[in-house]
Every structure is written in C-alpha cells, then in structure tokens.
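What follows is subunit A paired twice: with subunit B in the first complex and subunit C in the second.
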Partner chain A sequence: MLGVSLAPATDAGKSAAGLGVVILGYLGAGALLAGLVLGGFSALLSFWAGIRESPVFIQIGRRAFFGAAAMTALAAVLLEVALLTHDFSLAYVAEHTDLSTPTALVAAGFYGGQEGSLLYWTLILGLLGSASLVAGASLGGRVAAYATGILAVILSFFLFVLAVVASPFDLLSITPPDGLGLNPVLRDGGMLIHPPVVLAGFAAFAIPFSFAAASLLAGRVDAAWIRHTRRFALLAWSLQTAGLLLGMWWAYHVLGWGGYWGWDPVENVALMPWLATTAYLHSSQVQEKRGRLRGWNLGLVMLAFLLVVFGTFIVRSGVVPSVHTFAISAIGPWFLGFLFVCIVFSAVLLAARANAAPAALGRPPAPVSREGAFVLQNLLLIGVIAVVFWGTVLPLVSGLFGLERVVGTPYYERAAAPLFAALLALLAIGPLLPWRRAGRPTMRALRWPAAAAALALVVLGAAGSRSVPVLIAVPLAAAAAATVLTEYGRAVVRKPEVLVRKRRRYGAYLAHLGLVVVVVGVAASHLGQQEKEVTLAPGGKVTLAGYTLTYTGSEQRQLADHTDFVAGLRFGDRTLEPSRATYAGLGGQALTHVAITTTPVADVYVVLAGINEDGTASFRVFVNPLVTWIWAGGAVIILGVVLGNAGERGVEAELARRRIPITLTA
Partner chain B sequence: MTRRSAVLGAVAIFLGSILILSLAWGLQHAALSNPPVLGKTAPRLAIETTSGSQVRVWELQGKPVVLNFWASWCGPCVEEGGVLARAAQAHSDVAFVGADNRDTTSGFSAFEQRHPHPYPAGPIVTGTYQSYGVAGLPATFFIDSQGVVLASFTGPLDSKTLEHYLGLIAS
Partner chain C sequence: MTLALRWGLPVAVVAACVGYLIYSASGASEYYLTVAELRSHAQGGDVRVAGVVQEDVVMTDGGLHVTFTEKDGTASVPVDYRGALPDIFQPGITVVAEGRLGSDGVFHARTLLAKCPSRFSTQPYTS
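Take a look at the complex of A and B:
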C-alpha cells in the first residue's frame, strides 16, 4: 500500500542521493493519486451528465478527464526524470537500471518493468483518450458524455492499480549505490521501439470500445459512431500491426532460435485483438455502404478490447509461463476482476441494446457478393481467434478440471492453416466481387487471379516443389497479388484520378499487396528453413544450402557492462561476428548476439553456441529463405494504411451521397 | 425474451463462468505464487524418458543433481542444450535431469530426434514445474547430494556459470 511504501522515506532522505530525490517519489505518487481522484470524478460526473443531458456537466466531466490525463503525464515525466538521474531510492529505478546501462536504455527502462509499463499504458490511454474526446465532440452530447465516462473508468482503474497495488514510485528503505540493471535480453535496440509501439496499440483499443459502448448506452447505433470509431480502430490496428512485426523482427534478431513466431501465449494475446479489429475494419464497410451488420460491428469492437484486457491479465499475472513473463506482482486478481466487469458490461449492453437497431434495409444480399465475402472473411477471422484463444487458455481450463494439458506449434498450424488458406483465397476473390450480387462480368474479372495461380503452380511444379503447404500458399498469394495489380491496372488505364479520389480503397489494396508479400515470406522461411549444428577449428568450413562459411578465430572484448566472446566467420567478402555476452552485474547472465547476413533470396543466420577450451567454436547455422520479405511486406501494409487514410473523405458526406440515413435512433 | 435468446444467454453465461473460473484457478496456481525452494528439500518430481523408463529426482540421493526445466518450443533452451550436454559428459558424478514441461508429445519426440539429450530427459510424470516456482524457461535447479536445492538459475546457462554452480553442489 502507498502509506507503507512512503513510511521509510526518512532513511532514503539521509542518503547521498539527497532530499530532492525523495521528493520525486512523493510527487510521482501524489500525481497518480490526483489523477485517480480526477478520473473517478470524471467518470461519475460524465455518466450523470449523460443521463441528464446536461451540457455544462458534460464539459466539466471531459475537463476532469483531461486533468487525469495531465496528472498521468506528470507522473510519467517524474519517473523518466528519476530514471535518467539514477535515483536509486525508487525501487523501480534500482530494479530496472544501473549506472552502466546506456542512457537510451535507461530511458527505455520506463516501460521495461511491470509498474512502468503499466504507467506507459495509462499515459497512452490518457493522451489518445483526450484526443478522441476532442475529435468526438460532434457526436452528440449523450454519446460523448458516456464515452468520457467509460474512458474515465478504464483510466481510473489503471491509476488505481498504479497508485495502490503496483506503484512505480515505491521507495526503498536504503538507497543502493547502484541498481540491478535491465534484463540482458532487453538491452537491445529493439527495446527502444517494440514495447512502446505494441503497448500503445493495446491502449488504443480502449477508445473504439468506449465509443461503441457509449453509442449503445445512448441508443444511437448509427453511422456517425462508425466514422469516429473506425479512425481510432485503424490507429490501434496500425500500431498493433507495427508492434507485432517489430516483435517478430526483434525475436528473430535477438533470441537466436532462427524463427520469429513461436505461438507463445504473449504473442497469441497480442495477435487476437489485431485479428478482431481486422475483421471490424472490413465489416464496418458493409455498415458504411449498405447499412448492415450494426450489432456485429459493435460486437467486434468490444471483443477486441476484451481480448486486450484478457491479454493484459495473461501477460502480467504470470498464470501462463512465457518468454515475456513479468516479475512477481500482486496485480493479477485486480485485472481478473476488471476483465470480469468488462465482459459482463459488454455482454449485457450488447444483449440489451444491439437488437434495438432497426432491421437492415432492403433485400438481403446474395451470398456471392462483396457483403458475402466480408461476412465469410469475418467468420474465418473469428475462427482463427477461437483457435488461438483455445490454445492459450487450454492449460488453465484443463488445469481447472485436474489434468493440465498444453498445445504447441503443431496444434496452431494444423488448426489455423486451413483458415488462413481460405482467407488468402478470399483476398484474391473478394475485392473483385461487386456489392449486392455478382454476375458474369465478375467471373471474367476472376480470370487474371486464376491465371496467376495456375502459373505459380506450374512454376513450383517445374522447380520440383512437393510440399503441399507451399503448393497451396504460393499460388493463392499469386492470385491475391494479381487481383490487386489488375485493380490498379484498370484504374490507371481508365481513370487514374480514382487512385486519389478513392484512396481509401486503393490504400487498402496496397495493404493487401503487403500482406501477400508477408505471406510469401512466412511460407518460404517457415517451410524452407535449413539448419546445421557444427563445431569448427579455426580455418574450418561449413556449407549449408550452398552457402559456405569459414571460421577465422575468436576473441574476447571487454565492454562497459558486459564481456563479449566474439567468433569471426568469413562469408564471401563479408565477416559475420556472432557473439555471446556475459553480464557480470547480473550473476553472470549470458546473452547470444546472432549474426545475420542477408542475400537476395535468404538470410544466413549464425548463433554462437559456445567457444571451447581447445580453440574450437560451436555454431548453429540457419538458412532462412525470404525472411526480409516479411519486414518489407509489413512496411508496405503500413504505407498502404497511411496513404489510404491521409486526409480521409468524410463518411457522412459519402453516406449522404448514397442516401443512407445517418441517424437511426433506436 | 424468446426461448432462443434465453438458451444463448445461458450458454454464454456458462462458458464465461468456466473462463473466469479457469483464470482464477490459474492465479491460484501461478508459477509465481509458489514459495521459493532454495535451501529446502527438492519437491518430488519424476520424468519419463523416450525409452519409457522413469527417473525420480528424489531417488537420486547421494549424487548432486542438476535439474533443468525446458520445452521443445523454447529457443533459449536449445541454446543452452550444448552447454548442459558437454557438462553432463564431463561430470559423470553429477546426475543431470531434463524436465520437459508445457510441451506436446510430438514436439518432445521431434526435439529428441534433432537434439538428443545425452542424459535422461522427458515429460514430467510426477510432481509439477510449479512446485519449483518455475515461471520462465529455461530454469535450472542445483540440488546437493542430500537432496537440498542450493541454487537456481533462470535463463540460458553458459559453461562458466554452469561450472560455478556445479562447484557449489559438488562440495
């Protein structure tokens, strides 16, 4: 508790660190408490103002939320100052940094541990929440008021956990001269980008959720919320896309097992909200264009946030062992309670209000139509979520019934691969289907993707590929790429200006193309990986998949915070230097530094397993085909989303043009 | 309320309760909530090797034991595998045991084909990893010849660190 943690502060005050340092801890704890009070006040006032439709109180509630966000920002600044000034009177600073840690990583220690990363989460929620409230002011009093209230409840919950259960401002009774240092695995450039992006993505999912729930509470399940929600859902989705890819890139470069995705529980829980929001970004178009699937869209947005809370619980409570597990902490039960409240709230709200939306307009669409493709795509994505969810909770559900079971990569691959293949096929066909009903012209349009798939199949057959997954994945990817390229080709030939006027559509096609590139990279690297373990004396050679490496010898390098054992391997005119770092300050913890060199068709990936006393060195060498395609494809996806949505045309104007009523009050 | 929505609601509540109960069970059995084992008699644990024979840690008394928790999906476990294998061959007076946990049978056997352990390794058949407070993998426990846990190490071992701990339990 806070009172306890502040009590021994007098000892810290006597230490060399001085009085100013202790004040940082007090100020930080005070800022969190002030934020909590403001957040709670904002929540109560906003709900009351929503019920009463009182503009004055709506305004005050909103300002209280801004105040809570400002207090969170103040706490974040104080923690960062404490880190950068090496204020080891704070337990968090002492546990996650030391004097030898490079400054950039000391700054990154902000989100390197449980408490600090929660504060970062809360900070992003406060900032993006404030931005969404400013942008959403036009949504109408009651929706805005309820959205403020829900955001304030979520913010207050996090501030409560930070202020009372897991404070980053807890003081140590004695100020140590040096800290423990950051976990060696986290001492990497990847630490500067992956966690902040993925945590920001997690936090951002709260905003679409708040507005969806607010629309339901206010009984305004109309098109206006879609426009507002889509923007923030897209932001959360983009952050999560980048976060997932950066995590894969980091795992690939740091962990040294030659792969980038291990179906670890923590990877799974980051993937599920992304899948749900991918479904929403597609199905929301059905609502925008055809006024259908209102309840479904609300459900998807709420599901994404519930999966985020579920994921946060899984990651931070330590219920499932994982490579990402945080240190021991008491926050598990609090997050379980929060998850329970969120699930009940969402379920009751959806059950009570979603059906209140008026029935869809006009005739139901034909199964073979754009709408039909979106619905099928949504069902497939929900199927993937179900597979991943079951694999993640199985150890717990089976444990509850007394026989603990766990599933590994083969389960996920077997269960999810057919669904991914079907999604890939839809990626080729869906964009060519017209709204309402597909006719003969559509069949003609499908000839290009069909031809591309056939060509890919012939090329693979001629190249001697006998792997069934490759023979399915690559032709489908070729078909999907052909679909995008024919759509672009048609636009360029007929009316080039539509590329700009309908940039959301063509941006999305670019993202599809990026996804195809990612799929090819994943298929090639996953199915075509080659691996060899070898022990070499200086001058010895190893050849794998036609690549030859020559071991030139090893050396020891003493750096500020660790000792590096470096082995040299000659590869053509390049030298690869895989190494092992030993951190003296951390009980001799060791870390591998992988050496990777990229050729146009494959990565040569070398891990130093050990340097032996007789001068030989043991290596694990991988040849991973087309891994760079994954990173390049990811960049294309983000580029497509950014280009497609920069200066987005108002959806209300679009709806007015199509004569779809904007407000359908329940 | 129609009959259909009542049935749907009941199913949703049932599944939701199972989920929340499972998560609560997980909290009760979280690897992290267990008391530390350092300085105490090693909790009972047995594994079954590919040949089908069982190795019981509590029956290895009289010999120091290096108990390594690993899994086939765990990259750092593969990384330290060579270090452990060499140490096991160099120290015939120490019993090395590899406890595979949170793994699949197929994952385990595929791993054994690619990286066969020179010492007994296999899935846990008696006891749990939780009784050792294992949260992340790999985790290694150093047990002296009296069966007392003297040290533990989380993360991949290098040969220098391993030798340090081996010296601890040998004396």
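Take a look at the complex of A and C:
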C-alpha cells in the first residue's frame, strides 16, 4: 500500500552510496553464514561430547556456541550501521526507513520488520544462551554439553532462516535515493520499547527449555536445572509481563479504539506463553521445595517453549484471519517444520525419560495443601491456554470442515472469565495453605480474606451495584489483597527480618498485590466503560458518566509531511486536543491522535472522528474507569520480582547450608 | 479414597469444566465468509465478510456514517456502517465487516475492521 515516497530526499548527503557501503550487505550475510556454520558445529560436537563425556570437546562445543553468538552480534551491529547510515542498497533498510524518519525510529527499524526482528531474537538467544552456559558449567559435564547442543540447534535454526530464507542483508539491484519509511501508526515511542521487550521475553524462554531437555537427556531428574535456570525463567516471565502490558499501553494510547486488548491472534499467541510460564514459575517451587511434580515441570517448560514457536509460526504464516496483516513470507513453513520437530523431540523425551527412577518421596500430600493449590492453579492456567488456543485455531480447524468460523471477544469472555475468577479465588486462598495438609489453623487464617470479600460485597451492594461480574471480581480481588496484607502484617509483627531473609516469598506477595491491582483495573475499565458518538457545533457540550466536555472549535495545522486537523475540547480547566493527521505522501493515510486525560477514578478518552464543512465535528468519547491501575499494577509486579530476587542466590546458598537436605519421609 | 481418585477426580473435574466452557462459548462464533459465500449463505446471526473497499465511498454525519461497496474477486455487496472509521479506511484497502445482510440486500455492519497494509508484523488494531 505504501508507495515509494516521492518527496525529494532532503538529506541526500546522508545516503552514502557506492561500493564502500554495499559491502555492509556482504559482510552481514557472511557473518550470518559463519554463525550458522559455528552453530551447527557446536551442536554436533556438544552432543557427541555429551555422549562420550569428553571435557575437552564440551569446552570446544561451548566456545563454538560463543562464536556463533558473536557472529550474530556482528550481523546485528552491521544491520544497525546500515540503518543509521541510510544504506538503501539493502532492501531491508529501504523498506523500513526513510531519510525523514527520526533517528531513534531508524535505529528501532532493526526490529521493526520481519527479518530484523528475527535477527534481534537470534541475538538475544545467543547472548542469554552464552550467559546461561557460562553460569551452567557447574551443572556437570553431560547436562552442560546437551544444553549447549540444544541451544546450538535452536540458534542454528534461526541463523539458517536468516541466512537462507529471510535475510535482512538482501541487496536491491538499484539503490533508491530514499526509503519507503515507517507507517505513521508506528512512529511512536511505544515502537521503541514494546517489540524488543516482547521478543526478548520469548527468546529468553529457550534457556529453561534447553536445560530441562538436557537434564532429561542426561537422565538427571533432580531440581538442579530448575535452580540453574530460575533467573532466566524469571527474566523471561518479567519481560513477557512487561511486553504484554506495554503492548496494551501502546494500543490504548495510540490506536484510538478505546480499549487495550482485542483477543486478536497476535495478542493471543503472546498471552499463551506467558500463561504457561506463570504456571511453571509456581509449579517449579513444588519440585524445588518438595521434590515433586518433576515430569509435570518438564512438560510445562516444553509447553511454554512450544507455544512461543507456535506463536511465531501463526504470526509469520498468516494462516488465521487477523486485523493485523501478518508479514506473510516464506518462513512460515520453516517454522511449522521447526515446531513439529520440537513437539516430537519434547514428547519422545518426556515419554522416555520423565518417569525414570522415581525417588522415594514418602506419603503423597493431601489435595487441600499448598501442593494442591499449585496444581489447581496450573490446571486453571492450562485451561485458559486451551480456551485461547481453541479460539485462535478455530478458523483453521473449521476451515477444514466447511465454512470458516471465527470467534470474537464474547467467546473469550464467556469461556475464560470463570477460569480467571477461580484463579483470583486461589490467589486469596493458596498462599495461606501449608505444605502437605491443611488443617484447622488454615481455616482460622482464611478469616481475613473472607472478611475482606464480605466487606467488599456489602459496600458494592450499598453502592447499588447489580452487575454479577463486578460482584464476583471485586470481592475476590479484595480477598486476595487481604491475604497478602495479612501475611505482610504477620511478618512485621513477629519477625520483620524475614521480609528480607525470605525475600523470594515476600517479593512474590508483592507481585500478587500488583496483579490484584491490574485485575481491578481490567475489571473496572472493562465492565464500567461508557461510550458515546456525537457531532457537536462549536460551543456544544457532551456529557458522559458525569463528565462534561465543551467543543471550542477546530483548526488546521500544516506540518512538514502531514496536515493536522485539531479539535479543542474544554474539560474543567483542562483542554483536550484530539486530532487527525493526514499524510499526503502515504496515499492520504489518516492517523488519529487520541486525547486522554486522567482523573482519579477514570480516563476521559476522546477520538476525533472527523471535521465537517459546516464547522461541526464528530467525536467518539469514552469514559474508562481505573485504566491507570493496570499500568501501576504492572509496575508493582515487576518491582516484586526484582526485590524478591535481587541477591537471592546468596541467601539460598546460606539457607541450603543450614537446611537438612530435602528428604520427604514424613 | 485411593491416591489416584483423590488427585485424579479434581483434575478430571477441572478438565471437564474447561471443556464445557469452551464448548458452550463456541456458540458465540461467527462465520467468516467471502462475499460470494455471503450471498449463498442465508442464515441469521452476525457474520464477518472480508473484501476490498471500492471507490463509491459516501461519508455523512462527520464521518460517523459511511456507505460503500465491498468486493472480493467475484462478488460485491453494498455496506452500510455507522460509527467511527478505522484510520486507514479508504478505497482500495481490505476491510472485515461484521454484521448481517439485510432483506434490502445491504450488509449492515456493526463493526468495521481494517486490515493494515504495511509489512510490519506488529500491526496495530483499529475498529
């Protein structure tokens, strides 16, 4: 759709042409190819070294992996140099940037397009993989060797796709004077931060997967791989959490449809790995602390990684309808093949090895126990994954048997809302349950969350709320918050130093509290949103949910590459200026700038639909309660993860020295 | 109760609940049709139809009411939509209209989604 911009290149001097720069393309392609060779070498050597348990070859295989990672980094640097020097001899540079694009966004073009985003992913995989291998030397020869081999296979797959199928270093036969530029919708600060965080979160989860599979291959089924990859799993989870929230924030502030989540396949495939990672972070504690759920944890790690690969396949292949136009390209089939290989590998490995040599664990715990709570939480999260997965693939499945069918928001709400409600209830109860068996003291501990829920119910009833979803969600959120607060209170009264010593536990509670804040924000903004479409003459007023806006008039502003139609609205002593920009150079594409103002209880969100010739203007006005709670809660979650795990390994080691080894005979 | 029953029963109950939720909510699914299929597929309920916006776009009411013809390969259908338009709406782009075909032969759209034309995978959402 975007034609080549015909605007004269204002800064042609920057477009360094000629042989000296065409070389960047050859160098980049060469670096990718060298990386591929090193990666393949590392994979073969590491597996062989693992089987033979040869320390020397394990070392060489690891160094070959570092070499492949270094080559990936070199390719990334070369692509960034090509972007920043406007080397339009590269198709990728010409297609994703132009001379008028601000420098920060030119740099972001690195991950703005398909080939570049794959290279970015590979880069993160190489860097984090190297870090995990350096730290993993203590895991013992075989596990370390197999982990290197599996990481090298994954890295080599990506490098193969980059070098052969979708290279960011493809050259154009004629170097154009200027590039095509970035779609104006993407010319936003959100573009700088959302995609790299999401992609890094996905790439990071290859590490727990690799070590889990390596442990299985080596026949070691203890919790060493969990402890070793915990930091990477937490990093992946934090990045995915932040990425999802940043994506919601970006959609809300830039796209102007009043919401932040649309259950589109692109969003769904990012949500599913997050759900699986969340489940894993919880269930892995059962294995760490009690030695149970070994096969289950391995399965979860594999599920999370498979969902990442599945998501990449869906996004890159365009097999399901979406409002996002996927970057449909030749890499779809390759990812489908890779997904298939990963599924078979994981399934065979799990079936063959997961139940090998079960340890004597003593009597199993009762279902009502912390173990039981973790398992139920896992089942519910997997239930949500099943709901989202079915909604995502329904067009594919139904298309095989007749007319294609799709599901929208109502499906997801009806199917997932009860599961989310149950998860919220578990958030209130689970942390209070003791390991092994819950008895009478637990019942007493539950009185605070129960009281908070009852109080919330009474307050809502008195306030006249008759919406069933609100009457379920808010009391459950209140109960979950009460659980966290009473746990903090108990710690402060009895022994304040445990807040630091057991920071992992209290950091997790802080993350729980952040999640409760997010849930309240989502519930309020979703269930309480009000919307109105109006056409106003200057001086006209519109009132929605008690907020009154007065239209003061409009003006036209001519800027360098676009025309801005700006409407003014008075809201108390504030002025809102929603606008519509028209980009002449892009076939007259329009771009809405939403005006949002935040009051203590709600966002007033105004979209300018159009300005008419008679001076009237049409608006779409939303009142979105408590949206800011979502962003604030997200920050609390990340804070909880950071505080709970900063310097945590030292504490763990100290505890491990004092603690009796976990033998679970009752 | 045996161990398998104590742990297996809750697992089976949760799985059955999830299965039921998916099954019952799937009733909210809509057909995703081509324009030609829309003509031959006489059924109540909302459907989605994808097609290319033709040149005959008429906007009234400050852009909050629009009529146009949607065409795909073989067939075309007039569309009537009331509401705010996606940013990139213009003749030549592909839209997905959600609504139903009236007895007047006009497709009355409840929502209108634009397919973003750019190459980016992280494409934005407009409705």
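Simple rule for what comes next: the second predicted complex is superposed on the first by the 622 of 666 C-alpha atoms of A that agree within 3 Å, B and C clash if a C-alpha of one lies under 4 Å from a C-alpha of the other, contacts with A are read in each partner's own complex, and residues count from 1 in each chain.
Here, a contact is a pair of C-beta atoms (placed from the backbone, for glycine too) under 8 Å apart; a residue touches a chain by one contact, two chains touch by 3 or more.
Note that the structure is predicted; figures quoted are calculated from it, not measured.
Considered on the superposed subunit A, subunit B and subunit C are sterically incompatible, since they clash.
When both complexes are overlaid on chain A, the residue A:85 reaches neither subunit B nor subunit C. Once chain A of one complex is fitted onto chain A of the other, the partner contacts of A:257 extend to both subunit B and subunit C. In the overlay built on the shared chain, the residue A:340 is in contact with subunit B alone; subunit C does not reach it. Once chain A of one complex is fitted onto chain A of the other, the partner contacts of A:395 extend to both subunit B and subunit C.
Shared-chain residue A:410: touches subunit B and subunit C both. By the document's definition of touching, of the two partners only subunit C reaches A:117; subunit B does not. When the two complexes are overlaid, the chain among subunit B and subunit C that reaches more residues of subunit A is C. When both complexes are overlaid on chain A, the residue A:592 reaches subunit B and subunit C alike.
In the overlay built on the shared chain, the residue A:465 is in contact with neither subunit B nor subunit C. Shared-chain residue A:610: touches subunit B and subunit C both. In the superposition on chain A, the residues of subunit A contacting both subunit B and subunit C are 255-257, 262, 264, 321, 323, 325, 395, 404, 406-408, 410-411, 533, 580, 587-590, 592, 607, 609-610, 618, 620. Touching subunit A in their complex are the following residues of subunit B: 5, 9, 12, 16, 18-27, 29-33, 72-76, 78-79, 82-83, 86, 102-104, 106-107, 115, 128-129, 134-137, 153, 155-161, 164. On the subunit A side of its complex with subunit C, the touching residues are 1-2, 95-96, 112-114, 117, 183, 185-186, 194-195, 251, 254-257, 262, 264, 266, 315-316, 321, 323-327, 364, 366-367, 372, 375-376, 379-380, 383, 386-387, 390, 394-395, 398, 403-408, 410-412, 414-416, 418-419, 533, 535, 580, 587-592, 607, 609-612, 616-618, 620. Within the complex formed with subunit B, the residues of subunit A that make contact are 255-257, 259, 262-264, 313, 317-323, 325, 328-329, 332-333, 336, 339-340, 343, 347, 351, 393, 395-397, 399-400, 404, 406-411, 533, 580, 582, 587-590, 592, 607, 609-610, 618, 620. In the complex of the two chains, the subunit C residues touching subunit A come out as 3, 6-7, 10-11, 14-15, 17-18, 21-22, 24-26, 28-33, 37, 41, 48, 50, 59, 61-64, 83-85, 87-90, 92-93, 96, 98, 113-127.
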